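In the two complexes that follow, chain A is the common piece, with chain B as its partner first and chain C second.
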Partner chain A sequence: MTALLELADLRVSARSGRADREIVHGVDLTVEAGQTVAVVGESGSGKSLTMLAVMGLLADPLHLTGGAVRLGGRDLTALSERKLRAIRGNDAAMIYQDPMTSLNPLMRVGDQVIEAMTAHGVPKAEAGRRMLDLLARVGIPDPKRTARAYPHEFSGGMRQRVMIACALAMRPRLLIADEPTTALDVTIQQQILALIDELRRELGMTTIWVTHDLGVVARLVDRVVVMYAGHVVEDAPVRQLFSAPQHPYTKALLAALPDPSDDDRPPLAQIPGRPPAATDPVEGCPFRPRCSQAVDACATRPPLQTRMQGRAACWVPPHEWRN
Partner chain B sequence: MTAAVAGQQVPVAAPPTRTAAWRRLLRSPAGLVGAVLVALVVAAAVTALLGMTPYDPIAQHPQARLQPPSTQYWFGTDQFGRDVFSRSLAGVGNSLRVAVVAVFLSALVGTTAGICAGFYGGKVRGPVLAVTNVLFAFPPLLLALTLAATFTRNWLTIAIAIAIVYVPIFVRVSRGPVLSLRETDFIKAARVLGIPTWRILVRHLLPNLAAIVIVQVTLSLSWAVLTEAALSFLGLGSPPPAPSLGSMCSTPRFWLVRPGGTWRRRAPSSSSSWSGSICWATGCATLSTREMDATHDGSPW
Partner chain C sequence: MLTATDLVKQYPVRGGDGVVHALAGVSLTVGDGETLGIVGESGCGKSTLAKLLVRLEDPTSGRVDLDGVDLTELRGPALRQQRRHIQMLFQDPYSSLNPRLRVGQALGEVLAVHRLADGRQRERRVGDLLEMVGLAPAFADRFPHELSGGQRQRVGIARALAVEPKVLLLDEPVSALDVSVRAEIMNLLVTLRRELGLSYVFISHDVAMVRQISDRVAVMYLGRVVEIGDWKSVLDNPRHPYTAALRAAVPAPNPELSQPIEATVSGEVPNPAAPPSGCPFHPRCPLAQDACRRLDPALLPLPLGSGHQVACHVAAERVTDRSGQLTPSGS
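Showing the complex of A and B:
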């Protein structure tokens, strides 16, 4: 397998006054072509910023302060905005949170899907034909008529379907789904997840699911990358991650998942302590203030090291963990 | 809802259709009155600009100077025996032509500059806002006077002078909303889809800015009519003998003290303030209908 997406020591900072506050502290991540990966972590751990950096969409005050983003071997950080624009929506697409407000309220839904194609050079007539197929494919009833509707006539779920049609119109190789269902009802969430997963299979897209809720996507992915405070702390095949977590934070995350088969466990075990602001200055291991396994060595930052089939950034291996 | 798919329906601003907007305008008393008045003024202007006034507005009838209103000369005649009704129509035509061109130019330039300053920030914002602030620092009439005195005067250069004075208003009015529109999800979504920036500006940003620019256009039209009248009142409008509401108000000042002279001042000055107040009325009507919209659909304007 070849790597479709490679992030090497990716750093994102926010300018505030004259100083730069680093928020994403050197993410290393490789996604093989055809693979499906989940990026998990509490809100504020820098997942979205990492993905925006991949798309070349960091906007002031955010900016890249280091590292490389390689898509199909090409370093995107070296590209001009024009070339990046040609890649966005074409080679790499993104679906994200807020379908309620992500469509232009003054433009017909069908035209918005068409525009996603004409922007990349598809002739208008062909784009119009493909738009109808796309709307039908994402489950919009009666596409001919609904294409002429305005977004306010649609429910959140329907709008997310339209956004999916826009994102997938150019058959991108890489799809980033950044919490695409967080704003939706639970029942609709499942429909949308299933739809994206089906389309992923159909188009053979390499897919990154970004979520703060591992339970939602665990069934859909091959691999899980756990982020904490702007660091990757563990990266492992999904089975291994569940059966043998290599990082205390991963273990705590798993313990916080509701488990319907276990009545004794409180539905949401809490991780003690406060999730850090990604910008808090950290010495040593970023998880140390909340870690029950911390030892003296943790005053130095642990590097990502190979552990079984994956990698983890922790000085203390699981067999030495207390309790 | 068009299609029955489960999910929550959240009310969001609906794009108003044109017929609905007209119906709403004509249903409100202010809107109706405004529409009728505007229609009258526009009819007068068109009549004059097509040369369909009862008399040539600059033709002198020496045998009929300073006539009171009559069936022959509806508003009477001035000191050169020119028909005041025809001159009033022509004055309205001139005012409107100047105002429309001035506002069109300032809206075009100001909105473009405002959008660029708002959307690009950084390198564009600085110079645009600097020029805007300098222009704002002058009292508008003084600036218009200075500019009008600088150019060779005809209706077009006067329109341009007024346009320059009004540009900063459009910069201000459009930049603010662009700053917030730029951060909206649908503009970001358009960038995520790789839609070119010029297209985002024209197809996504501009339509969502249109409502607020249109309100400003209607208000500015009324101000521009008054500014033009003020310039010509002060002798810096269209040079004589061209009919202009402002100079028509100004010239007969000297005749006011003459017996029987009082009414002569009235026709042009009242039509000037008429067209001004009429545009105001439309502006207000537009605003109030907008406000009604805003209250029932929660849209920002």
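Showing the complex of A and C:
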């Protein structure tokens, strides 16, 4: 296997007054070509920021303060905005939670799909033909007629289909899907997840799902990266992550979910305290103040270390955990 | 006991002469101390139902009774008095909290408006309410923007409890929260229900959360209840194909299970201004038969009792019209 995407010590900060406040604290991550990976974490974990940084889409006051993003061996952080634009949409594409933020409300949906291709040098006539095929492929009924509609005339699910058509028009090698179904009804969610997964197979795309939904994770991905307070705390094959979590935060997160087969419906496990605020970072392990397994060593930040088939950033191995 | 009887709500279509059938005749009851979960997607009428139950809006027809009092008939002070008994909690209480009022002031205001406590007593009651929802007394001095999502939801619950209601209407109360915070709020709701003897109407699209808290569950689709009964019976042994599809659409957090990715239900929810003929679910239903296209099925008890009711010709193994008249199949 070859690495398609490599993040090395990726750091993102927010400008605040004259100071910089670091929010993503050095993410190391390698995604092999063809893998399907989930990046999970709660709000403020830095999962979406990390992926926006990959795409070079951080907007002021957010900015990259260190590290490298290599796509197919090429460091994207060294590229000009013009060169980056040539890569975005062509080699790597992203779909978001709310399609209204990336669709132009004043432009017919068909024209937007065409533009996703002409921007990368596809002749207009060819782009027009492919647009109709693309709309049909993502499940838009009667593409000839609907291509002339504006985004506001579509339901949320249909808009998401259009965004998928735009993102996949150039057959990118890497797709980043950032909570693409969170705002949709569950039956529509299932349709969109199924569609993206089908297209992923068809195009052989490497796919990164950014999500908080561990059900989606269990069903769709090979490997899971867990983020907490701007750090990767665990990175493991999906079955290992659920059956033998190697970080106390992962274990606590899984325990907070209701067990759909338990008829006694016991209270859900809680995690005491809150994640640290970006303004008030924790010294050492970021999970230490909330961790039931914390020991003195945790005052020093643990590096990601090999654990079974994955990696975890914890000084205390699971066989030493107290209950 | 809270009872809704044949509630209908129609809205005029803007700029047209049609009507939207937001609720097409919904009847249900919530017993003392009981939690009724309501599951459904956008356009199913669950939010309209909530507004009618708290009398934020009037039904086109039908009635709502609380402990034998017809709420739809009440006006003025009598209505205000009754309203105290049913309180509503929204998905994001931030939108309903005044950003310029400290938490203590916001709670104190509710107590003042309803003349429930003054002076020292009011202060003590604010402290008690905060304690009830697991917040330290110091939170009385905080502004809403200084609170996390979970803390805001706790304040929302405290405010709803300030008037000592009998029923809480919870409209997607944990949908905007992170997994770990969601667990806290769910546990808090279960504890408060037990300690205060509250009844809940728990409205959500999240089947897992509805399963966690409900005694009975109603599944709504296009302004109707299509299935209702004991939580385990409805959610773990659903009889309506829509309930089954909702269950299948939510993957379990377990990678050892084989969970097909194929969508179980195609298409989208039809426009409530132009509902389909017959059963409202038939255009999306994998089991639809000829009768389903012609006749809108009545919500009828399953043969084996247990209070489980379903509005489906196929599941009930008999073809009825909306009023429950048996119709010979194939005619």
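We adopt the following convention: the second predicted complex is superposed on the first by the 313 of 323 C-alpha atoms of A that agree within 3 Å, B and C clash if a C-alpha of one lies under 4 Å from a C-alpha of the other, contacts with A are read in each partner's own complex, and residues count from 1 in each chain.
Rule of thumb we're sticking to: contacts are C-beta pairs under 8 Å (C-beta built on N, C-alpha and C of every residue); 3 or more make two chains touch, one makes a residue touch a chain.
What you are looking at is a predicted structure, and each value in this text was computed from that prediction instead of being measured.
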Partner chain in contact with A:8 - chain B first, chain C second, else both or neither: neither
Chain B versus chain C as contact partner of A:188, first or second or both or neither: both
Which superposed partner A:58 touches (first chain B, second chain C, both, neither): neither
First, second, both or neither for A:142, with chain B first and chain C second: first
Which superposed partner A:132 touches (first chain B, second chain C, both, neither): neither
Partner chain(s) touched by A:157 [first = chain B, second = chain C, both, neither]: both
Which of chain B and chain C A:220 touches, first, second, both or neither: second
First (chain B), second (chain C), both or neither touched by A:85: first
Common ground on chain A, meaning residues reached by chain C in one complex and by chain B in the other: 155, 157-158, 185, 187-188
Of chain C, residues touching chain A in the complex: 41-42, 148-149, 178-184, 186-187, 190, 205, 207-209, 211-213, 232, 245-246, 248-257, 259, 261-266, 268-269, 284
Residue ranges of chain A touching chain B (in the complex, touch as defined): 55, 57, 60, 85-90, 93-94, 96, 98, 100-107, 115-116, 119-120, 139-142, 145-146, 149-158, 163, 166-167, 184-185, 187-188
Complex contact set, residues of chain B against chain A: 1-15, 121-122, 184-186, 188-197, 199, 203-204, 207-208
Residues of chain A that touch chain C when the two form their complex: 42-43, 155, 157-158, 185-191, 193-194, 197, 212, 214-220, 238-239, 242-243, 252-254, 256-258, 260-261, 263, 265, 267-271, 274
